[in-house]
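Down below are the structures I want you to see.
In the two complexes below, chain A is the common chain; its partner is chain B in one and chain C in the other.
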Partner chain A sequence: MKILTEHIDVQGIETIDVFRKKGGYSAVEKALKTMTPDEVTEEVKKSGIRGRGGAGFPMGMKWSFLAKPEGVPRYLVCNADESEPGTFKDHYLMMKSPHTLIEGMIVSSYALGANTSYIYVRGELMYVVNILEKAIQEAYDKGLLGKNILGSGYDLDLFVQPGGGAYICGEETALLESLEGKRGNPRNKPPFPAVKGLWQCPTVVNNVESIAATSWIINNGGDEYAKIGIGRSTGTKLISASGHVRKPGVYEIPLGITVEDFIFADEWCGGIRDGHKLKAVVAGGSSVPILPAELILKTVNGENRLMTYESLSDGGFITGTMLGSGGFVVMDETTCIVHNTLTFGRFYHHESCGQCSPCREGTGWMDKVLYRIEHGKGRQEDIDLLVDVAKKIEGNTICPLGEAASWPVAAAIRHFRDEFEWHIKHPEKATQKGAVFMREGASWSL
Partner chain B sequence: MKVTIDNITVDVAPGTTIMQAARQIGPHIAPPAMCYYEPLKASGGKCRGCLVKVTAGSEKDPRPMPKLVPACITQIQEGMVVENTINEQVLEVRKGIVEFLLLNHPLDCPICDQAGECDLQNFTFEHGVSKTRTVEERNTFDPVDLGPNIKLNMNRCILCYRCVYTADQITDGRVHGVMNRGDHAEISTYIEKAIDNDFSGNIIDVCPVGALTDKTYRFKSRVWFSKPVDASCDCGKCSGKVTLWYRGDEVIRVTARKNEWGEVKEFICNTCRFERKKTSDWTIEGPSKVPHNSVISANKYGANKITPAFPLKQAAEQYKKIDDNRDRSFLAPQKQLN
Partner chain C sequence: MTNTQTIQFPADTLELVHKIIKRYPEGKQKSALLPILHLAQAEWKWCSSEVMDYVANLLKIKPVEVYEVASFYTMFHLEPVGEHVIEYCRTGPCCLMGGVEVYDHLKKKLGIETGETTADGKFTIKEVECLAACGWGPVFQIREKYYMHLTNEKVDEIIDELSK
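Take a look at the complex of A and B:
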């Protein structure tokens, strides 16, 4: 079942003519000509689609929270900052089929009553900005953007804003600050963007994938969308698969397939690269807890783990993880978990905006301790110190980057404590190039 | 609106924050504020030193709030119940905040002008633990001059953003901001452009630590050896209401007057602060009120007769020895972040 990527490999799909031949912009026609904004919102609610940017908040519910005071403009902002290590799906979609996003932007803006909308694109992706701008111009030329779209009386201007080059600008309130031309520092909440967002006006911020999916929902109905998937995980999800699999890439999966299928079936990742074994998976982008092979394939109750919000988080943070943004990083037995944790730790240290003390100082501290352990200068007490620092950051910060930085460290120690201990006990061995600890009896051990 | 903080109930106006309500009750209940500064719009919410537990959100919805909330920016709801000094979790987290703030702080109090009137010292004294768990090298920055009268020692900065808001809100035109991110962020004037603005000196007074200091006062005295006196003058630019800091008969420093929360009451101009340093420039109003627990109130008799040279020298020598002997063998060289 493909919703977003059905035509993605069609020659010339990035041009408006080919896109329209494949049925593109029919959702705009349908919504603007035959539906009221509230009816559009209602379909999105019925679809049960959850935000694809990481937190998985129900999209229809978010829309219904939007404040609608008289005489105050409202905005839709598309979050295309995609900087989470391991996540590259929005990039793929925008680069290959920019009109898929633009169509969704028009439908969603109409539903929310926004007459100006923005796509905030990760600053490093200037070529994507160019692709989008070209596509937007085409849409203006065809009367799909601008004044009185398709004679419906609805006006919409759509702008692309290149980001400031910081991961933190993907956090929705930092994004809004950056969009306003300021330093991308997250705001304290409340007030939430739905009440005071861009320029202090009511604003909805949604991920690229969330917005792109609304066209299909309007064309086929929310109920149809909700039939795909399992339980509260409806529809399809783009998964960015990377690491030691045979076929890394972006896959659109129906939510609800098993993790085992996703990793091993030929339709998806095609298994672990030759001669190697699955050791661990980071299932939803660098900030979600890492899980060892046995826990990613099956929950502690022995049930098959599914690619759904609920199943991946089964077991909480003790034995579960999160679907997050769908950045699926697969590691085989050659991966040193300490090294991997250091890489993540270093990233968050580098990307903390530095506003609040727990995250600013804590991320730097964890990075330095991890660096010592990885380089053979660890002390036994460092392991518990890391756990405690992570705990002191978590929940005490302005934005979720604090948690995003703590979870990977805490989870790596929770599931691979023996590797950290081995590094500390045997620094001469651990610092040799390519050295990896092999847990005795583990399924991945050679 | 009624709110209960640490089992004491007060009546406050709608829109009041937990911090303001707690301050109404008194200093023993008020959470520590390292970044919040009432006169500065939008300040607060950053240091997390004021995190408190809300055990009941409001009368209507008496559920506890899941996370600790910053008292300085969280508004009271009717019937809210808050725990500050009586909540274990709050006190534990606060210890952690002290530890974080000190992690890269140079602890050079013996040679820091702010010592004795430093919010971080007080915060640490009241909420911190006496042992450090860090063995890492501290991040360092080179000190820079922000114009002729202000020194920035970034090593001591806790990124409270008070000076940034001050520069934004009381000086005309933005004069400085924050560059870079995380623990490598720094206060900067963007390519070290000098701050020349009649009110720029106020960033010294709002700074909770010794990151911004008055160059005309640097190393002249320890604060507890000087006597604060309220004085005023007919100034065309500002209210002219200041505090003079005397050492013997000499005015060694001029600052704005502060309220009991250490917040500037009225911002003063640079002429008053940096240039009017003679008693004859001023009309003396009387001794300033100093909080009784402040070290400034100590040593007030015969302060000018004490020669600090010997004990200070001794302390510095001992400090150096301890520092030189620190075990650094486990420190691997770190790659520079940019």
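Take a look at the complex of A and C:
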């Protein structure tokens, strides 16, 4: 079942003519000519789609919070600042099929009553900015953007905004600050963007994948979309697979397949690279807890773990994790968990905006302590120190970067404490090139 | 190198600047700052204070509003850089794919460390965080172009080609 990527490998799909031949922009026709904005919103609500950027908040509900005071413009801003390590699905979708996003932007902007919308793309992806701008020009030329779209009386201008290289701008209020030409410092909430967003006007910020899915929802109905998936995990999800699998890449899965199938079936990742064994997975982008092989495949109750919001979080943070952004990083037995955790710790240290002291200072401490453990200078008390710092950041910051920085460190210690201890006890061994701790009796041990 | 007298976008870029400013409501031209800093860096290679002052002037904002933004975002170079700036991803997924070895090879080949520029001014190496290309790693970026699935051999080819 493919909704977003059915035609992604069709030659020329990045051009409007080929895209339309494959049924593209039919949702714009349907929505603008036969539906009211509220009816569009209603279908999105019925679909049960949850925000695909990572937080998983129901999209229709987010839309319904949008304030609509008379005479005040409203904005839709697409969050294409994809920066969560392990995640590259939006990059893939926009680069291959820009009109898929643009069609969703038109449908969604219509539903929200926005007459100007922006796609905020991380600045590193300037070549994708160019692809999108070319596609947007095509849409203007065909009367799908601009004044009186398809004779419906609805006007929409769509612009692409490049970022400047800052993970924090994926946080929606930081993104809005950035779009206003400022540093990407997250805002205190409330007020939420739905009330005071871009230039203090009501604004909805949605992820690329979420917005792109609205076209299918309008064409086929929210109920049809909700039939895909399991329970509150409806629809399909783009999963970015990286690391030690045979076939890394972006896969559109129906929510509800088993994690085991996703990793091992030929249809998806095709298993672990030859001659190696699964050690651990970060299932939803770098910020979600890492799980060892046995816990990512099955819950503590022995049930098969599914690719759904609920199943991945089964067991809470003690034995579970999160679907997050779908950044699925697979590690085999050659992976040093301490080194991997250091790269994540360093990442969050670098990306902290510096506004809240627990995060600004804490991420720096975690980076420093992880660095010394990895480089054979760890101290006995360092492991507990890391746990303590992580705890003190969590919940004490304006935005969720604090949690995003704390969780991976806390989880790595929770599940691989012996590996950290080994580094501290045996620095001469641990600092040798390619040295990796092997847990006795573990399924991945050689 | 830049100096105040010569800082002026060419006419076609200036036209583009004015088009970009029109993307935002009246009085909100500050929103054009990031797009215009990108144009400025493309023009002058790095964002000197003279360049930033020029951008401030174009947008009718205070110079400090440009400095604080340019220094916040990692893409803007606040020091002179070489002709080709190689920005390699050092984050987890790229490391899993052998990134560390490949980047070591790159540094050895160019004879410089991260943050340095070769004596001939041809190359600068910078270390950056995740470039959203994790399944195609190891990855580095030179200007707008992504170089993916890097190996030592590929790095040699790329550097040799750019050295010509």
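The criterion applied here is as follows: the second predicted complex is superposed on the first by the 446 of 446 C-alpha atoms of A that agree within 3 Å, B and C clash if a C-alpha of one lies under 4 Å from a C-alpha of the other, contacts with A are read in each partner's own complex, and residues count from 1 in each chain.
The rule is short, and it goes like this: contacts are C-beta pairs under 8 Å (C-beta built on N, C-alpha and C of every residue); 3 or more make two chains touch, one makes a residue touch a chain.
The shown structure was predicted, so the numbers you read here are calculated from the model rather than taken from an experiment.
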Checklist entry - Counting residues of chain A in contact, which comes out ahead: chain B or chain C? => result C
Next on the checklist: If we overlay the two complexes on their shared chain A, which of chain B and chain C does A:360 touch? Say first, second, both or neither.
Outcome noted: first
Item to check | Which of chain B and chain C A:270 touches, first, second, both or neither | outcome: neither
Checklist entry - Which holds for A:315: it touches chain B only (first), chain C only (second), both, or neither? => result neither
Checklist entry - Touching A:242 in the superposition: chain B (first), chain C (second), both, neither? => result second
Next on the checklist: Quick check for you: in the superposed arrangement, does A:400 touch first (chain B), second (chain C), both or neither?
Outcome noted: neither
Checklist entry - Of the two partner chains, chain B (first) and chain C (second), which one does A:88 touch, if any: first, second, both, or neither? => result second
Next on the checklist: Just to be sure I read the superposition right, which of the two partners does A:329 touch: chain B = first, chain C = second, or both, or neither?
Outcome noted: second
Checklist entry - Should A:350 be classified as contacting the first partner (chain B), the second (chain C), both, or neither? => result both
Next on the checklist: Is A:188 touching anything from chain B or chain C once the two structures are fitted on A? First, second, both or neither.
Outcome noted: first
Item to check | Contact residues of chain A, present in both the chain B and the chain C interface | outcome: 166, 183, 350-351, 353
Checklist outcome for this item: In the complex, chain A touches chain C at residues 73, 82-88, 90-91, 118, 122-127, 130, 157, 159, 161-167, 178-184, 199, 240-244, 248-250, 282, 286, 327, 329, 331, 335, 339-340, 343-344, 346-347, 350-351, 353
Checklist entry - Which bits of chain C are touching chain A when the two form their complex? => result 23, 25, 28, 30-35, 37-38, 59, 61, 65, 68-70, 72-76, 90-93, 95-97, 128-137, 141, 144-146
Checklist entry - Which chain B residues qualify as touching chain A in the complex? => result 45-49, 51, 67-68, 70, 73, 93, 96-97, 99-101, 103-104, 133-137, 139, 158-159, 161, 177-178, 180-185, 330-332, 334, 337
Checklist outcome for this item: chain A contacts chain B in the complex at 166, 168, 183, 188, 349-358, 360-365, 368-369, 371-372, 375-377, 379, 385, 392, 395-398
